[in-house]
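Just passing along the structure, written as C-alpha cells.
To keep things simple, chains are lettered A, B, C and D as they appear, and every chain counts its residues starting from 1.
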Amino acid sequence: MKILVANRGEIAVRILRACRELGVPSVGVYSECDRRAPHVRQADEAVLLGPSPASESYLNIERILGVVQETGATAIHPGYGFLSENASFARECRSRGLVFIGPDAGVIQTMGGKTAARQAAIEAGVPVVPGTEALPDSLSDEELIAHAGEVGYPLFIKAVAGGGGRGMRRVSGPAGLLAAVEAARSEAGAAFGESTIYFERFLECARHIEVQVLGDDYGTVVPFVERECSIQRRHQKVIEESPSVAVTPDVRKALAEAAVALCNAVRYTNAGTLEFLLDAEHRFYFLEMNTRLQVEHPVTELVTGVDLVHWQIRIARGERLTLDRNKVGTPDGHAIECRVYAEDSDAGFLPSPGKITFMRRPSGPGIRDDSGVESGFEVPVFYDSMISKVVAWAPDRAGAIVRMCRALSEYEIGGITTSIPALVWLLGQKEFNEGRFDTGFLDRVLKDRSGESFSVLQPGETDVAIIAAAVSRYFADADLRTAEVEDVTLTPWRRAARLEGVRRL
Amino acid sequence: MKILVANRGEIAVRILRACRELGVPSVGVYSECDRRAPHVRQADEAVLLGPSPASESYLNIERILGVVQETGATAIHPGYGFLSENASFARECRSRGLVFIGPDAGVIQTMGGKTAARQAAIEAGVPVVPGTEALPDSLSDEELIAHAGEVGYPLFIKAVAGGGGRGMRRVSGPAGLLAAVEAARSEAGAAFGESTIYFERFLECARHIEVQVLGDDYGTVVPFVERECSIQRRHQKVIEESPSVAVTPDVRKALAEAAVALCNAVRYTNAGTLEFLLDAEHRFYFLEMNTRLQVEHPVTELVTGVDLVHWQIRIARGERLTLDRNKVGTPDGHAIECRVYAEDSDAGFLPSPGKITFMRRPSGPGIRDDSGVESGFEVPVFYDSMISKVVAWAPDRAGAIVRMCRALSEYEIGGITTSIPALVWLLGQKEFNEGRFDTGFLDRVLKDRSGESFSVLQPGETDVAIIAAAVSRYFADADLRTAEVEDVTLTPWRRAARLEGVRRL
Amino acid sequence: MSRAMRLSVEIDGQERLVTVEPGTEGSSLVTVKWSDRAYEVDVSRLHAGRFSFIIPAFGYVSHEVSCYETESGEVALGIGGRQIKARVADSSRPKRATVFQAGGDRAVTAPMPGRLVRVLVEEDEKVVEGQGLAVVEAMKMENEVSSPADGVVKEVCVVAGESVEAGGVLVVVAAGSLDD
Amino acid sequence: MSRAMRLSVEIDGQERLVTVEPGTEGSSLVTVKWSDRAYEVDVSRLHAGRFSFIIPAFGYVSHEVSCYETESGEVALGIGGRQIKARVADSSRPKRATVFQAGGDRAVTAPMPGRLVRVLVEEDEKVVEGQGLAVVEAMKMENEVSSPADGVVKEVCVVAGESVEAGGVLVVVAAGSLDD
C-alpha cells in the first residue's frame, strides 16, 4: 500500500505521521501557496497540484488522480473537508482500483444527504429530531405552513445538501416562515447547487453529542465513548471534549447501541461519526452522520488509547477490528480540544492570514499539539483558518481544563493574530467550568459581550505594555545602529560577511 | 503554599508546569548564564542566584534560603541533582519551617549512604546484590583479599558515597584488586570527600529495573509498575521504558512487595525510586534508592496516567494518597523515553554547548516532549548536557518504538550538536527491538563500532548533501547582496528602517 | 546602543511620550520614563521580537512579551496569552497622515487580504451607517464590510472576483446626512 | 541573486568544485553543477538556515535540510535526523590557512569550551601519540585531550582552573620520534 494524502494542514500532517508509524509509503500534495507547508516535508514524496485556489488544487479530482498515477500510489486518504465526503470521487477511486480510505461510495451518498440519512436512522429505529422529509420547491405556501405546523415552532429550515450552517434559518413562528424559506433556498442553491430544504424542530437547550465508530469489512462495528461538541460559534465547533458531563452510563450505552444499529443497517465501514442532539431530559435524537475522520478525533484517542488513523489504514487494507468494545466505550480520564484559528477574535473573528514569524508550541505532561503550520510559513487566505489543535488529557475534567489553560499560556504564535485569547477567556467562564452549556451557549455569551476585547490589560499591566512597546522599538532601531548585529538567526558566515563587507563573485 | 523550585532546565520547567496546574504560586531561580532559560519565564517570579558555576548558584544553600525569605516561599522543590539528595539541606529547610518536597532528612541520610541502604534492605528482607559492608581504609591487604574472595569475582569496587560511576572499578580476579582499591579510594575521595569503599558482586547480563514509589504522611506507600533502564552508556541512562519486557507479572508483584517492605521499614514519604538488578533467572537484587524524583519519571506517568509531580506537591501539603494500587501497578500500554544530550556522539560523545539557533520539537499522537531549552537560548557549559526528553506512548512496545523514531525524525535543533543521530541508530538495533539487552549492552556495541559515525549518508544522499551545502551558502551570501533582505525574523520596522537608512535620534 | 530614544506610545487610546535610556555598555538594564514614572528594566532578548523583562519595581516577575508590527502598522504585544495593540512612533518624526480622514470622504478598506465576492452598492447610491457595502471572502469565510457613516457612495474601486489586499480601498463614501 | 557562484564543497573527505546558478527572477529554481552533474533544484527557504529541496532528478521527495556553520567553521547539515559535516569555501578566495600544521609543531586545542581541570604534562616532557595532555571539564564531564603524535611538549599555554574556548590552544607538541 502507498497512500496519497489528498489534504493539507494539520490533518495531512496527522495522517502522514500515521503512515510513517505504520511503515506505509506516503505521497503529499500541495498547492502553490503551500510549498513551505509542514505536510510537504512530512510526506515521503510531495507533488505540486496546481494554483492555490482549492478548485484548482485540493478539489481538482483529475489532477489528483493524475498524481496517483505518476507516483504509483495505491490508496487515497481524503482527511476531512475537500473531497472527503464526495461520493463520486470515492466511486471514481474504486473504479480505478484504488483504495479510498473511507466507507463505500454508496454509503457516503446515502448518509451525505441529510433527509436520506434521517430516513435510514428512522428505519434502523434510531430516534431523530422531529422534522419533515425533503420539501420539493413545488410545494405551495399553504403546504409549507402546514408542514411547519406539524413539526412545531421554533424550527430550523435546513438545506438537504447542507453543511457549515449555510442554507440554514431559524424560524420562531408562522409569520417569518415563507420569507425564511425563500432565503434558505436561495443560499443553499448558491452554495451547493441544490436548493431543496426541509424542516426540523429546533430543540432548545440541547447539547451536541457525537459517537465515533469504526467498522471493518467483516461486519464488526465498534462505537466509542461519546464526544461533547456543544461549544460552537455560529454552528462551528470551537472546543470539544470526551466524555460529556451530561451523558450518564445508561445514555452512553443507548447512544452506542443506536450508533451500531444505524451502522449495521447501512453496512458502514471505516471511520465515521454520528451526530446527536441531547435534550435536558437525556433524550437523544440523531442529526446527521459524517462519513469521514473528524477534526476532533484526538479527544477520543486520548481517552481510549486508540489511534483512529492507524485503524482507518488497517481497515482499508483488510484487517479485522480487534478492539475491546468495553474498553473503548468507557473513558479513561478526560480530554479537551481547543481549535486555534488564525483569526482576530477582537475584530469580529475576522480571518487573519499572514506569515508566522515565530512559534512556540505547548508541550509537557498531558498535552498534545496537532499543528499544520510552523515558523516561517505563510498562512494562506485560500483555505480554512484553523491552524492548530491543542488537546489536553487529565484524570478528570477540572484537571484537563487547568492543563489546557497552562498549555495555552505557553503557546506563542508571532506575526498573525489567533483565537488563543478568546479560548483563554472561554476556558475561564463559570458555566463552562461547571459543564452548564448547550449549543447556543457561546453565541449567547458573545452577544452579551457585544464585541468587548478578549485581550484586556490587567491592573498594573499597562505600564509593562508601554515598556514593552518602547523597548522593542528601541532594540529594533539599535540593531540597525550597531555594526555587530546580535541576531540569533544570523549564522557566523553572515555575521562575518557583514563585518567584512559584502563579498562578490 | 508557595514553591521555590531550586533547579534549572527541563526538570524546573516540569515542576513549574505542575505548580501552574495546581494553582500554586512559584518562584524560579537562575544563574547568570540562565537568564534566558525557559524556566525563568515559566515561573511566576524569577530571582537571580549568582554567577554561573553551580557552587555559586544552584548549590548555594545560603543564597537559596535567602531567596526563600525575600519572596516569601514556603516550600522548596529540589528536582533531581543539585541539592535534591542533600540531607543537611533538607534538615535546614525543615528547621526553618519550610516544606522540603521530598522525604524526611533522616531518610535521605539513611538511604543516601550505599551500605546503609543495603543494610536497611537486608533488614527488611529485601534481597541485595552479594557484597560487603563499608570497608574501612584501615583494613590490611589480606583482609581486603579475603572480603573479595567471599563476594566472588568479577566484582565491583564502589564508593559508599558514590554516584555517577565515580569511585567505581570492576575487578575480574584477585590480581588487580589492590591497585583498583587504591584508585577507587583516591577517585572517591576527590569526588565526594569520602574515600570509603565496599565490594559488590558484579552480576553479568543483568538488567537495571527500578520501582517508583509514592508515600504519604499517613503510612500509605504505593509502588508503581517497573521501569527498565538497562540502556546505559558508562552507567548513565540513555533510554528508559515501562514496562520491562523481562518482568513477568509474578516478578512485578514481588518487586512491588519488596519496595513496599523497604519503604515501610524506613517510613518513606513523597516520591522515591528503588533500583534493582534483575538477572537472567528473574531473580532481583536491591541496588540503591534515589530519594527524589527521577529523570525518567514520565514513562511511569504515561503508562499509569498519574502525575507524579502533582502528587509530590499534594503529599507535601499533607494530602492522603488516593491512588488505586492495582491500576498504577499495571501498565496501560508502553512508554519509552529518549534523553537528548547536547553532545557530539561522533566525536566521542564530547559535550556540545552553544547557542540554539532553531528548534522544532516533535509533537502529535502519543508524543510528549519535556524540554528545558528553546530557540535563542545558549546551552551553558556549566551543567549537565541533557537538554530534552522525548517520551512516546503506544499500546505496545513496537508501536512506542516506531512512534519514537517518527518523533526523532521531526526533532530539529540547530546550532549545536545533539545525540539524536545516536538515538536513531540505537532504536534501529535488532537487539533493542527484540528486547534482548542488559546494562552492558550499549557499551559493548559502541566498542564494536569503534567510533564509526552515527550520521552516515545513505546511497544517493551525497549529492543532496552537496547541493544543500552549496545552496545554503549561496543564499547566505545572496542575502547580503540584495538590499531587501527576505528574512522571516525581520520585522516590518527593521525592514523599512534598513531600506530608508538608519534613523538617529 | 549608547543613545537615548524618545518615542510616542499609544495604548488603550492614550498617548505617552516615552524615553528609553540604555544602561552602561554591556549591561542588560535600560531605563524607561514617561510622565512621572521611571522604571529600571532588565531586558533579555530571546529572539528578534521576543523579550523577557524583569522590572524590579514590579517584583521578580519575568514578563515575557512578544512584539510584532502588524500589516496595519500597529504593534501587537503578546502578553500572557493576550494580544494587546499599540502604536509606536519616533516622536522626532511627523505622524503618518491619516488618508481620507480629513475631508468628508471615507475610504472603506478591506480588513484582510481576500477575494471580493460581491459589491452590494452602486455609485451615487445613498447608504446608512452599518449598511453592507461589499463582501470579502478569506479562509472560506464571507465577511461583510459595512459603511462607517451615513452618506453617498462616491466611488466603487473594485469588481467582484478580484483579489484585494489588506487595507486596499473597496469603496469611497462621501459622508453626510442623507437629507442633504 | 542574479549571479552565479562557484564554491568548493568538501563532504566525506572529497572536494568538489560546485557552481550554483540562479533561475529567472522570481523563480524558486536554481541549477547546481559539478563534475558531470547538473541538477535543477526547487529551493524553498523555511527560515534562515532551513531549506526544503525538491530535486526532480531524484523524484518528488522533499529533502528537508538545515545548514549551520559550526564554531570550527564547518557546515553542519541536518539531513533525516543525522548530522553531516561539510566544508564550504568560496573558490575565488584563498583557503583558510591551517595553523601550525605546516611545521613539526602541533597545537593541541580544546574541542569545546570548558574549564581546564588538570594539565597532565610539563614543558620539555616527552609524550607519545594518544597520551593525555590535559583534562577539560564541560557540562559536568571530564574530557581528556590527548597528543596527536609522538613528540616533546614545547609549550603549555594554560593553567588549571582557567576557562578555555573551543579551539583555544592548550599545549604545543613538537612532533618527532622520541629517539631524536
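Note that a residue touches a chain if its C-beta (ideal position, glycine included) is under 8 Å from a C-beta of that chain, and two chains touch if they have at least 3 such contacts.
Please read all numbers here as calculations on a predicted model, not as lab measurements.
Student: Could you quickly compare B-D and B-C and let me know which has more C-beta contacts?
Tutor: More contacting C-beta pairs are found at B-D.
Student: Of the pairs given as B-D, B-C or A-D, which one copies A-C, with over half of its contacts the same by residue number?
Tutor: B-D
Student: Where the centres are mean C-alpha positions, what is the separation of chain B from chain D, in Å?
Tutor: Taking the average C-alpha coordinate of chain B and of chain D, the gap between them is 31 Å.
Student: Take the average of all CA coordinates in chain A, do the same for chain D, and state the distance between these two points in whole angstrom.
Tutor: Those two chain centres are 47 Å apart.
Student: Nearest whole angstrom, what separates the Cα centre of chain A from the Cα centre of chain B?
Tutor: 38
Student: Please output the residue numbers of chain D that touch at least 2 other chains, ranges allowed.
Tutor: Residues 3, 5, 45, 47-50, 68, 71, 90 of chain D touch two or more partner chains.
Student: Quick one: which residues in chain A touch 2 or more of the other chains?
Tutor: Within chain A, residues 357-358, 374-376, 409, 473, 477, 481, 487-489, 491, 493-494, 503-504 contact more than one other chain.
Student: Based on the touch definition given at the start, go ahead and assign the chain network to line, ring, star, complete or other.
Tutor: Graph shape here is other: it fits none of the named patterns.
Student: Output every touching chain pair, sorted by label.
Tutor: Listed in label order, the chain pairs in contact are A-B, A-C, A-D, B-C, B-D.
Student: Please output the residues of chain A touching chain C within their complex, sorted ascending.
Tutor: Residues of chain A touching chain C: 342-343, 346-348, 350-354, 357-358, 381-385, 408-409, 411-412, 414-415, 417-418, 420-421, 424, 454-458, 460-475, 477-478, 481-482, 486-489.
Student: Sort out for me which residues of chain A touch chain B in the complex.
Tutor: Going through chain A, the ones touching chain B are 13-14, 17-18, 20-23, 42, 298, 301, 305-307, 309, 332-333, 355, 357-358, 360-361, 363-371, 374-376, 394-395, 399, 402-403, 406, 409-410, 473, 476-477, 479-481, 487-489, 491, 493-494, 497-498, 502-504.
Student: Residues of chain D touching chain A in their complex?
Tutor: Touch residues, chain D against chain A: 3-6, 28, 44-50, 52, 54, 59-62, 64, 68-69, 71, 73, 90, 92-93.
Student: In the complex of these two chains, what residues of chain A are touching chain D?
Tutor: My answer: residues 27-28, 35-36, 40-41, 43-47, 71, 374-377, 489-494, 503-505.
Student: Show me the residue ranges of chain C that touch chain A in the complex, using the header's touch definition.
Tutor: Its residues touching chain A are 1, 3, 5, 7, 9, 11-12, 16, 18, 20, 22, 30, 32, 34, 37, 39, 41, 43, 45, 47-51, 53, 55, 58, 63, 65-68, 70-71, 75-84, 86, 88, 90, 111-115, 138-141, 143.
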